[in-house]
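One chain, subunit A, links the two complexes that follow: it is found with subunit B in the first and with subunit C in the second.
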Partner chain A sequence: MELSTEVTDGLQLSGDSAHIPDSVFGALVESVCDDLLNRENGGELQIADKFGSVDKASLKEAYAALMTFSLECAKNNADSSNISSVLEDCKFTTERIKTFTNIFLEKKSHIQALLGSVSHNPPHIVDVDWRLDYYIKNNHVDKVNQPTYLITLKTEECGQQDTKDVQFACTMEQLQDLVGKLKDATKSLEKASQM
Partner chain B sequence: MEEVDNIIIHSLRSIGCSIDESVESLHQFNTEVIVEAAVKCLRVISGLTELPTSLPPGMSARFRLGTTLAQALTDLGYRGEIGYQTFLYSNEADIRRVFMFLVDKLPRESGEAVEETLGASLLLQRAISAELARRLSGPWSPPYCKTNNLVLRGKPAGLVREGCSASHRFLARAVTMPTGCGDLSKKIPKEIKAYYSKDLPLVSHQPLHKHELAPSLLEKNAQEVTSQQEWEFEWNQQGLASRLTQQEYKARKKQRLQKRIADQLRQGVQRGEAAASGTADLMQLVNSMSDKGAATSKTKGSRFTHTEKLQFAQDAEKAAAQIGVEGPKAETEEELQKKREDEVQQLRDELGGLTSKLENLELDMKKFNANMQQMEEQIGLEKRKNKEKEEAYKVKKRTLDLLPDAENNIVKLQSVVDSSAQRLVNLASQWEKHRAPLIQQYREVKELNENRVSEAQKKLEEIRVLREKMKEVADETRAKDDLCKQLMSEYERMTKDVNRSAYTKRIMEIVGNIKRQKEDIEKVLIDTRSIQKEINQLTGKLDRTFTVTDEVIFRDAKKDEGVRKAYKYLAALNENCNLLIKTVEETGGILREIRDLEDQLENESHKKTTANLEKIQSDFNEMKKENSTLIAKLKGK
Partner chain C sequence: MLLMLEDEHKEHLAFLTSVGLDVVQEFCKISLGFIKKGSNPKMYQAAASKLGVDAETVMHGVEGLMYLFTESSKLMVNEIDFQDSIMTLGFPEDLKGLLLQQYLENRKEIRCILSEMSMDLPQYHNLEWRFDVKLASRSLKHQIDPTILLKLHIADSGERHTQVLQTDPSNLVHMTNVLDKALQEMKSQHCRRIVRNI
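And now, the complex of A and B:
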């Protein structure tokens, strides 16, 4: 995990009880995590009110540093030993390290999920509609007798709540081929998971 | 042998043989267990699966199984004597040898694990497959059951993203975070401080959308880290060698960059201009530019007159207009227009004449000014010349005054000259006196300076080396930390095998035993050697005494009959003693032989020969019976 001097300075500041008193620290970490996770915390004014006794500039610096640090920890999947080694370097007391790790590890998976949402994916299939048509004859041939499948895939696209439809028609062989391919894919995924 | 047995039994249990807890040595193995264990070992080693693990009931099938096992073992490279009888009619030593070979051939899992730690990619792959397994573990759930595409999966439950309606692209904004609030040694300007505390929003409120927050912060951190690394690298490479402070170095770099940018811009502009003028000569361009300059200066010079004239012209026009209004209105607009144009033309001509006159006058003025300067210079020159001449005149006048009393004066002058020469010499010597220490000092200072410079160079070099070392050490530490972490995780993943420590303990015990035995053997050897030496000494002494007595008595024997008898007795005694010694030695040999034979006996009795014989007999009978039934069957058909 690599942190810039700006962040380490901010962490030192937030570890310093002269700037951020012990009573406030836990609440600060909690509000940082909540803020990251997009929970309502009443906006900036309330945050400022909550930590009214703290110098605002220091508060902002500590806030930014803690936020960056939390993100980096989540990104690197850091466990308590990694976190405490970094925080010890930043002159945190053991008490504070404990507070931070307790609050952070509880929310780590959520923060990681948040980071996971920063991505771009191909459309994701969530549902399927299908219909079977039976093709009996046409103008030239009296007996065709072939089934045709009309398939509608419902897909989710990035950043859009509604699903989109992908429609296609296929014959039985093509559908079987598709199903076979999907089965293959599932099998190889399972194989990969059992290494 | 106990340790070996323990190890073998443990390994056999670990590959899935059902051996009773009470079994502690190979001595307790019966035929079924032996066959099962051997078959399982072979399965693990070479993947032979067609062999049955349990002993078949039929005698011929047993015999076949035994031969196949023996064949498989020889195929694996077993060198000892082996056949069906090794398995079916076992004796302990053979079985032990066979199982030692098999256990040695078993694939070593722990050894592979150690090799695997070396690849971080393997760890990653494993983590990926674990994650995949976790994701595959749960059932599918429809998208409307998930908030933000998140589902709980696996054990322990973790959040997993499925679907992409809540995801968005990586989009980072520039965010500002206050810096240096905790550092009291650095003063921040009051304005910036006020900005920080009053107006700067929290980082989380700086990006436009909330989902841009995480990317922005991550990017900012990454950017800072990279720029710091770059700077560190540059400072180590070039900054230190330039012997400037960091600020100076930065300032100089900035200057250099600015200059380069300016140069580039200038070149670009020139190129653009050249392109614009097309094929036209650059000189022409310059000319046109200077023309333009001249033109503007012209208008500048005559601006006052120009405006005055314009005013007047306007007045005149106004007046004319008034007159025109008062005058007969028969004049048409066209005529009026024409008149006005004429008038304007006239005025313009006049203006041109006046400006050209003014220019001429200015030119004249310049000329006169130049003339004036020249004249002043000339005057100065003349004045100087005058002064020189006056000086010369004065000197000449004095010499002329001195001429009448020439001799005296010459003497006087001579003395004056002498005295001044004297003084000059004095001064020179004095100067020399002052100069020497000064030069000395100068040289010293210079040398000192040079020393300092070289010392500084040396120190710089040292600093650089130190910095490099620092970096190396830091890298090494990081690598070692990583390795440590990897090994720790590996260690945690490894099954905590108790028998490993037991193995090592046993090995240590064995080594200790061997050492002790070696010492004992050496002691015994030394003892034997000393005894041998003693024996040799005694025999030598005996021989010598015997020859001496022999001689003495033999000499007297010619004279005395009694002595002759004594001599005979002596010879007999010697012979008997020799015989005795030989017998004792023989007894020792026989004793040793007896002991060997006893050992052999024990060995043989260990081999359960009688039991095996009985077993063979019964098996033989059974086989006969089987054969007879088979024959009966054949005949029956």
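And now, the complex of A and C:
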């Protein structure tokens, strides 16, 4: 885990009880983790009453450093020993290391899930709708008499709220082909999971 | 199902009785060619001067045949109904036989051409799949995220386009099951009954 001097400075500041009192430290770490997970907040530090008379500039610096540190820890899947060795270097007391580790490790998997979703993906299929029609005739041809399936794939895309539809029609033979291929994929997936 | 021929149409076709069978055969060839490749009015003039009639008569004859063939193909008129439909034209036996033969030989192809003209929805063409496991990304190292990439080929009015989609194992299983059920639905009593009765 590599941290810039800015971050290590910030961490040192947040470990220093002269700047960030013990009474405030736990609340600060909690709001860092909560803000990471609660994206609607936009990552803005809510300077609530719980931080009392702490100097705002120090608070801001500590908050930024703790947030970067938490993200780095989650990104590198750091465990408590990795975390303590870094924090010890930044002159944290054992008590503060414990506070940070407890709060952070509890939220780590959630933060990692969030980080895992940050990437550019093709539209992700989350559901499928179908409808079966019997195609009887049109203005050019009578007696077409063919079963036709209308398939709608519901997809989700990164950073978009609504699902998008991918629609196509297929005959019975085409649907058989499609299902056959999906079954192949499922089977090879099952095989891979047993390896 | 019988084909209802209009009087004007009958008049146009009546010209065919005044020429020899080989000429009618040539007319059939021309009209089928026009159906397949589009019409070429220059041919009317050439044929008309050869036969010593005016171009309009030739045009009506050819167009009459085109209409006869396309309408019967559209309605999928069967052999007996086709014979009965053209009975009203008062053609001799050999001429009727020739028309029937030409109709039966070309019906499939004409229906093909007609269905190409019909309105069509984007149609499934092919699906390719690939199984990946995401191991790391810039924002998160050490991850194991199985992903199925799907490339969907869709044909839309003659043009093909592809779309890349992805899904996860549980959605893949879900999707396979749902679509498999859709396939089984066609074998259900309800669907079979409807299909049988139409």
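In the analysis below, the second predicted complex is superposed on the first by the 169 of 195 C-alpha atoms of A that agree within 3 Å, B and C clash if a C-alpha of one lies under 4 Å from a C-alpha of the other, contacts with A are read in each partner's own complex, and residues count from 1 in each chain.
Please note the rule applied: contacts are C-beta pairs under 8 Å (C-beta built on N, C-alpha and C of every residue); 3 or more make two chains touch, one makes a residue touch a chain.
Everything quoted here is computed from the prediction, not taken from an experiment.
Using the contact criterion defined above for the overlaid structures, shared-chain residue A:L189 touches subunit B and also reaches subunit C. Applying the stated contact rule after C-alpha superposition, one finds that A:Q160 touches subunit B and leaves subunit C untouched.
With both structures placed on the common chain, the touch criterion links A:I136 to subunit C but leaves subunit B unconnected.
Touch criterion met: A:H124 reaches subunit B and subunit C at once. In the overlay built on the shared chain, the residue A:A65 is in contact with subunit B alone; subunit C does not reach it.
When both complexes are overlaid on chain A, the residue A:K75 reaches subunit B and subunit C alike. In the superposed model, A:A27 makes contact with neither subunit B nor subunit C.
Looking at the shared chain after the overlay, A:A57 reaches subunit B, while subunit C stays out of its contact range. Of the two partner chains, subunit B and subunit C are each touched by A:Q112.
For the contact definition in use here, the residues of subunit A common to its subunit B contact set and its subunit C contact set are 75, 112, 115-116, 118-119, 121, 123-124, 126-127, 189, 192-193.
Subunit C makes touch with subunit A in their complex at residues 74-76, 111, 114-115, 117-127, 129, 131, 134, 137-143, 145-146, 148-150, 152, 154, 163-169, 171-176, 178-180, 182-183, 185-186, 191, 194-195, 198. Remark: subunit A residues 74-77, 112, 115-116, 118-119, 121-128, 130, 132, 134, 136, 138-145, 147, 149-151, 153, 155, 166-170, 172, 174-179, 181-186, 188-189, 192-193 touch subunit C in the complex. Against subunit A, in their complex, subunit B makes its touches with residues 125-126, 128-130, 132-133, 135-136, 142-143, 148-150, 158-159, 161-170, 175, 177-183, 193, 196-198, 200-205, 210-211, 213-215, 217-218, 220-221, 223-225, 228.
Those residues of subunit A that touch subunit B in the shared complex are 2-7, 9-10, 12-13, 16, 19, 35-36, 38, 43-44, 47, 55-58, 60-61, 63-65, 67-68, 71-72, 75, 109-110, 112-121, 123-124, 126-127, 156-161, 163, 189-190, 192-195.
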